[in-house]
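First subunit A sits with subunit B, and in the next complex the same chain sits with subunit C.
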Partner chain A sequence: MSFNFKLTHLSLAAALLLPMAAWAERPGLPGPDQPEARGKAIAEITDATNLGFGDTTSEMEMILTNANGDVSERRLRFNTLENKDVTDGDWSMMIFDEPADVAGTAMLTYAHILDPDEQWMYLPALKRVKRISSVNKSGPFMGSEFAFEDFSSQEVGKYSYKWLRDEPCGELTCHVVERRPLYQYSGYTRTVAWTDSTDYQSRKVVYYDRKDALLKTLTFGDYQLYLDKYWRAHELFMENHVTKKTTTLRWEDYAFQTGLTAEDFTQNSLKRAR
Partner chain B sequence: MPAMQQYGEFVVRRPFLVIFLSLLVALTGLSGGRYLGFTNDYRYFFSNENPYLTAFEELERTYSSPDTIIYVYQPKDGSDASSREGLNLAYELTEGGWQIPFSTRVDSLTNFQNTRAIGEDDLEVRDLVPDPADIDNQRIKYVEDTILNEPLLAGRLLSLDKKTAAVLVSLRPPRDDVQATTAIVIKAREIHEAMRAKYPDIRIELTGSQMLSNAFSEAAQEDLATLTPTMFVIIALVLIFTTRKLWATFATMIVVTLSAGAAMGTGGWLGFPLSPPASGAPTIVLTVAVADCVHILITALVSQGQGMEKRQAIVESLKINAQAVFLTSVTTAIGLFSLNFSDAPPYRDLGNFAGIGSLYAWVLSMTLFPALLAVLPMKGSAVVDRQSRSMEWLANIIIDKRRPLMVVMLAVVALGAGLLPRLTFNDRFVEYFDERVDFRQASDWASDNLTGIYIINYSLESGDVGAVSDPEYLENLDNFAGWLRTQPEVVHVASFSDVVKRINRSFNGDRQNFYAVPENRQLAAQYVLLYEMSLPYGLDLNDQLNVDKSASRVVVTLKDLSTAEMKALRARALDWLRTNTPERMHVEPSGQAVMFSYIGERNFEAMTVGTIIAFVLISACLMLVLRSLRLGLISLVPNIAPPAVAMGFFSLYQYEVGFWTAFVGATAIGLIVDATVHMLSKYRHARFELGYSSVESVRYSFTTVGTALWVCSFVLIAGFMVLTLSPFLINAMLGRIVALTILTALVLDFLLLPALLMWIDGRGDPNAPYKAKTGSKDGAEEAAAQPAE
Partner chain C sequence: MPHHPRLISTTLALALCATPAFALDIDFEGNVELELRHFPRESKTAAGALDPQREQDFTALAGELELGLFSPSGAHAVILKPFARIDQHDHERSHADLREAKYRYVNGPLEVSIGADKVFWGVTEFLHLVDIINQTDNVESVDGEQKLGQIMLRASYASRYGTLTAFHLPHFRIRQYTDPVSGRPNAGFTVDDSTTHFETGETGAAARRVSDYALRYQNSFGPFDVGLSWFDGTAREPQLLATGQTRADNGLPIVQAYYAELTQAGLDAQATLGPWLLKLEVTNTTENRKLPDPLAGGRPTLRMDVEEVEITRATGGIEYTFYNLFNSGTDLGLVAEYMYDEREEDAPHPFGNDFGLGLRWTANDPQSTAILIGGLIDHNTDSTSVSLEAERRIGRNFKAILEARFQDKVGEGDTFAAAVADEDSVRFRLAYYF
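Entry: the complex of A and B
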């Protein structure tokens, strides 16, 4: 009798645990009873997975499609330098290749967490560097459905967090966390991010506009591992639910720790960037 | 007609069975009413085949949505709208605008993305008024100077005299979502009310294309809520006064109500939406159904008055009227169904609702109505009898004076028709609503003080990917914008060239001599790239440039334009483009204002075909049933003439007409034919079957149907006059003209048709009895032997 009783219990427990078997709760993660702390902890784990990457170079291709089905492409190169100061954002250099009219234009950004970024742009047609003074990061990047704030580095300090739930996402299980931007000039009231509980990478982000209405959905695909440590998604698909426009963003030729230094991220280096 | 005799006897013998079955049919139809919904999309006035709608939707997909909510405000004491208080209001309306569902962009004086040079190499891009709380007079001066020197803002968001300003919200509601516009309007009005309360010294009005859409659906709901009940009361009063029969009136009201209800319900089953034109359908069905009942009722009352037993009188009436009621119902339905030729789906719906209704009216007036009369108490009517005697008196006058009458009436017809060319089409959608409607008041006021909602767009191709930055293209754009600004019809022009010129100036230390198109394409492209990077969400250039930057749109706000002025402007603009730009830029504009400008012509062309087909079908029905080509041909005169005469005389009162005129013929023809049908079928009966002379046949038709005809016509005229109470002017005007047409038809049927019959059918000797051409066995010879009185 008692043997049977135990067996029943065991199989019941197994049946309950089976869907969760693919992952185990990461030790030290605050429980669901503390949604804010849990949400922030998840973001911190994600941030930690990227720690020490040093610098990267890569190429980016964007394919813009409007509601009419018209397609247009943009190409640029993207260099990043990790900021050792974790209370500040990373440095980045974008060099535009296409469209041809802007080929050779380069933009240098010192990202900040709650203050406006510092930005300079080199215009080859003018052969001059211009400083851009603007608080805005929410406008469309090169006419695409991405805002600059969507693909710039996601520092932990940019948001307040609230864990909502855990749920399956594809073969993985995701933490679903609501993030409210702390930057005053963000274009969103909040975003909801799906972060997988295995590698702690973003799988999907849903954006809500200023009236808290569904605006866009970003899905991350084609994750690849670099230096056995750093994950990078290679295909990002942004869909605007209001305008029905979409943008596909493809990263190519990722290289890590290529030896870039702060010297390569100065106003002078802008002119040489092409 | 023995079959009809048998049917009539069945009805009076088993009235409750007939009542049960007919109620079952009517209530089944009625129950579809739960599927009825109001449409509030102004685009529903355009069919999917309409090229102006296609162009408009392509524009929408390529750039951004042209749907708007516009707040226009003006301090009541005549001070500047750009004062500190005015800017505070602009700021709050901007924040509010972002909270309106489906808003994608908000443009205001405060959130304008101002570019400013700081030193030689710094470019600042920020809100013109980031925080109105800390603003001093010096800052206000800077703001005003910036706005008035900025072509994108001056005359659009702030009037040149600074007295009136606007906040413009662009929205992108999903199509065919009735709830979307409702949600937008509720929020927009909530903000409007809150701001009115907070800023009592500033007049604030609300307009824009979403308010237009909403005005359409509110007009439809109001029409249904007020016009249909009004019509109901009028019918009841007319019936009581003319018949003095309470129970018969009661029976009629049941039949007409069920006809209208079942028609609308069946439309619901079939998925037709309710729009302002379609909401006129129940009123039309009520009148059509009354006509059927009145004919049956009056014949029964006359027979009863002549001593016949009630049930027998009902059977007699069914027998006499079956053919005419069937024929009038079919012709009415044909006329109404021909509205399906229209290019405006709401009028197709109107035709279908009302056409289905006229068929229900036929079924119910032949089943439910006699059955109800059979079970309800009813006595013969002395009033009706008196009326038919006065009809005989009228007939005698007409017979005596037939020649002068014919000459006078033909002259009137010729004069009326001769006035027709005076009419011209003019469709201004704001003027579809009368001054009682908030939308009309707000739009008129906004248009008088600052800006209008008549907007046209030119999508101009540069010929190559990215070539919007090409100096030659930008110069063309700039010249075109400059030319447009000199046109008297134009209030405001927004062009991409203005953006580029402003950035160029800001990149060059804000020196005014750089307010020009940059000298090379790469430079312009790089400026634009940098500028775009600095813009916030919702204030980007995507609404002006297409995705590969090969085309841009020029947005032209017009003052209140007539169709003729719109055509003239379009032609001049095309001329200018042909003379001054490469061929790829020789394009026509698109936009709501363009769509509505041509709605009259497109529907007139479509409905001319539809009306002619309806007319041929109806005339064929008449000839078939009258079995006489001659009578059929005579019937053409009183059938064709009334719409032409009515419209012609209307031109003396007002010569500019809207697209509703295209529907007058189709709506009226089925109704005016009824009177002709009744006159001719009685005439034919007297002439061919009773063998009367032409003159006697005229007298016979007057005494038998004269009363029913004027009662029916009176009800029809009253019905369409009720439509004139609608605040939706295209319903009101259609009602007015159709009422006038029916009146004309009644006059022609009474005064011209008999004269024509006596002249043509009775030519030789109108007093001679009918002689069948071949040997007849139908008793005509015997009847002819007895001289008619």
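Entry: the complex of A and C
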């Protein structure tokens, strides 16, 4: 008890001394002496900022650039339905528009926390819905530098956490937290995430591969606020340090609470997606 | 509903007289392709001589368009999907079809559609047993994956207890075969459409006016996806009857197609367990088949009586995928399936007791490069055939597809394998998508 007090006292003293610490520590956040609890609490605050979003529709442009500077582009649409059951994951539908030869291909996902996600793929040329394995976590998504697991919903229970430090990130101060995936088949030993201490949104994530070597860095930009409550980054930039390839995601036309229901996330609706 | 930002996806405002203007989302897309087919070996006549009428190289052009009109809410939709191919030599392969021409209405869990459409049922890769709604477009490709549009009235209701779909199929389409003089692969016989016979006894247009129906129930239980289906109607695959006649020009035996009335109960199931997919399809079919004719060497003919037969067929196996193989970002999938028909070698198709093995490699690169190698082994006759398919996107809108099929070994007494022994083929397509 007295040990705890001393540490809190120390960090308070440090906060008073350093000019960067213009931010106020969020009340109730476990102290730096409890790095695991503090890390998890930061993730829970981030998760809570998204609570009650209901459903969203959005469009995405994906720009792939290889080491030679060759560029290829994709376009997709995303529909998401919040799962009212907080112990389970959200439902999502992904619809491919470009390249033209894959137009109409769509993927339906029922995300779970630690159980494998349920996924169905619709192949329009054959009119076939195929249940697919959701083991494919680490593979590239549509040839990009994003892995499938970078796209799946970032439920709090999917990782263990360890707060590392707080440090300035641009004009804000960020909590730097190490996350280790608890689900099977991840391509990462750990990721390190920078979450700002004002709005509790991700600003940067660094990924370390299965051998714990630096793999890639994701930076989030152009955050916009919806319904006065929900932050969405509109530009995501992923840089692979090994292959020197990059992928930029540009999100457009976000709409919240559009009235989507569970009926819009069935295999029948997957076949109708276009 | 989100909007639909395809190449040409625009919102058209239609002012209808005094009524308030309403908007339609229009979606237009499609593809055109150049196709080159090469047959390394010369085809043979029924007598075994070289057949100069059948070329070794075929050029073709094909195109498919898709036009969709959608109400703003997405509740109403009209979809048209015409397809056409022009083949240099094979007049039967030059054909056009309305793959889809339908109106669709959606209200919550209910979906109703009327018009031509295509429906797929099933889970396996080598052989599609339960899939029965559409007639196979037999001239388009030999793999049986291409289907003709089927006119239907369909109603589907999705709930947490599963999805129930009912089909009424008022029109029947006969199976088409390649040109008897120039077409390849040369099947070794020709089907004379003018003598096509139906069990109903009807002929011509009346025979195609049918009242077939089907029911399907589909549901998912955790890792299990299960489908149950029932079909009552005209057989999609005809029984081929000997006529004793041959074509005057090339001596090819003429057969006639006999379409029985059948009922088929189907089960398809898949378990998705980690990287493993376990698959099963079973059908039980009851149909009347013409009996062997002693005067036609034991082959069935039209003059014979029919006998009701009940046939059980099954196919199933595994699919296992190594994702992100050696951290290369590429995937390697293995498919192993077994195909069974209780008639085994007496079955009127080559899948009586066969193994299928497949390797699928996907590069997951920006060009979506993929290679599929497949082998079929007949357990009774040891006949083996091999196929290879490779595809890759070129630039933004082009896609190149290469397919090769080889009959590697013709087992003793295997008439199906023997018929195509000289019909190995390589097919290259360059498609432009828009």
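Some notes on this structure:
Following the convention adopted for this analysis, the second predicted complex is superposed on the first by the 252 of 274 C-alpha atoms of A that agree within 3 Å, B and C clash if a C-alpha of one lies under 4 Å from a C-alpha of the other, contacts with A are read in each partner's own complex, and residues count from 1 in each chain.
Keep in mind that, in the parts below, a contact is a pair of C-beta atoms (placed from the backbone, for glycine too) under 8 Å apart; a residue touches a chain by one contact, two chains touch by 3 or more.
The model shown is predicted, which means the values in this text are computed figures rather than measured ones.
When both complexes are superposed on subunit A, subunit B and subunit C clash. In the superposition on chain A, A:Ala213 makes contact with subunit B only, not with subunit C. In the superposed model, A:Asp97 lies in contact with subunit C only, and not with subunit B. Touch criterion met: A:Arg272 reaches subunit C, while subunit B stays clear of it. When the shared chain is aligned, subunit B and subunit C each come close enough to touch A:Gly143.
Contacts of A:Leu126 after superposition on the shared chain: both subunit B and subunit C are touched. In the superposed model, A:Gly187 makes contact with both subunit B and subunit C.
By the touch criterion stated above, A:Glu59 is placed in contact with subunit C alone, subunit B being left untouched. When the shared chain is aligned, subunit C comes close enough to touch A:Arg75, but subunit B does not. By the touch criterion stated above, A:Pro116 is placed in contact with subunit C alone, subunit B being left untouched.
Steric collision with subunit C, judged by C-alpha atoms after aligning on chain A, is confined to one stretch of subunit B among 8-16, 386-394, 494-502 or 638-646, namely 494-502.
Residues 64, 66, 72, 99-102, 126, 128-136, 138-140, 142-143, 185, 187, 209-210 of subunit A contact both subunit B in one complex and subunit C in the other.
Chain contact summary for the complex, subunit B toward subunit A: residues 58, 60-62, 64-65, 98-104, 118, 121-126, 172, 465-466, 469, 507, 520-527, 529-530, 532-542, 545-549. On subunit C, the positions that touch subunit A within their shared complex are 2-7, 27, 29, 31, 68, 70, 74, 77, 104, 106, 108-109, 111, 118-120, 123, 145, 156, 158, 163, 218, 220, 222-223, 225, 270, 272, 274-277, 321, 323-324, 327, 329, 331, 364-368, 393, 396-397, 399, 431, 433-434.
Within the complex formed with subunit C, the residues of subunit A that make contact are 57-59, 64, 66, 72-73, 75, 77, 79, 97, 99-103, 116, 118, 126-140, 142-143, 184-185, 187, 209-210, 253, 255, 258, 261, 263, 266-269, 272, 274. By the touch rule above, subunit A contacts subunit B in their complex via residues 64-68, 70-72, 96, 99-102, 105, 107, 119, 121, 123-126, 128-136, 138-143, 147-148, 185, 187, 209-211, 213, 242-245.
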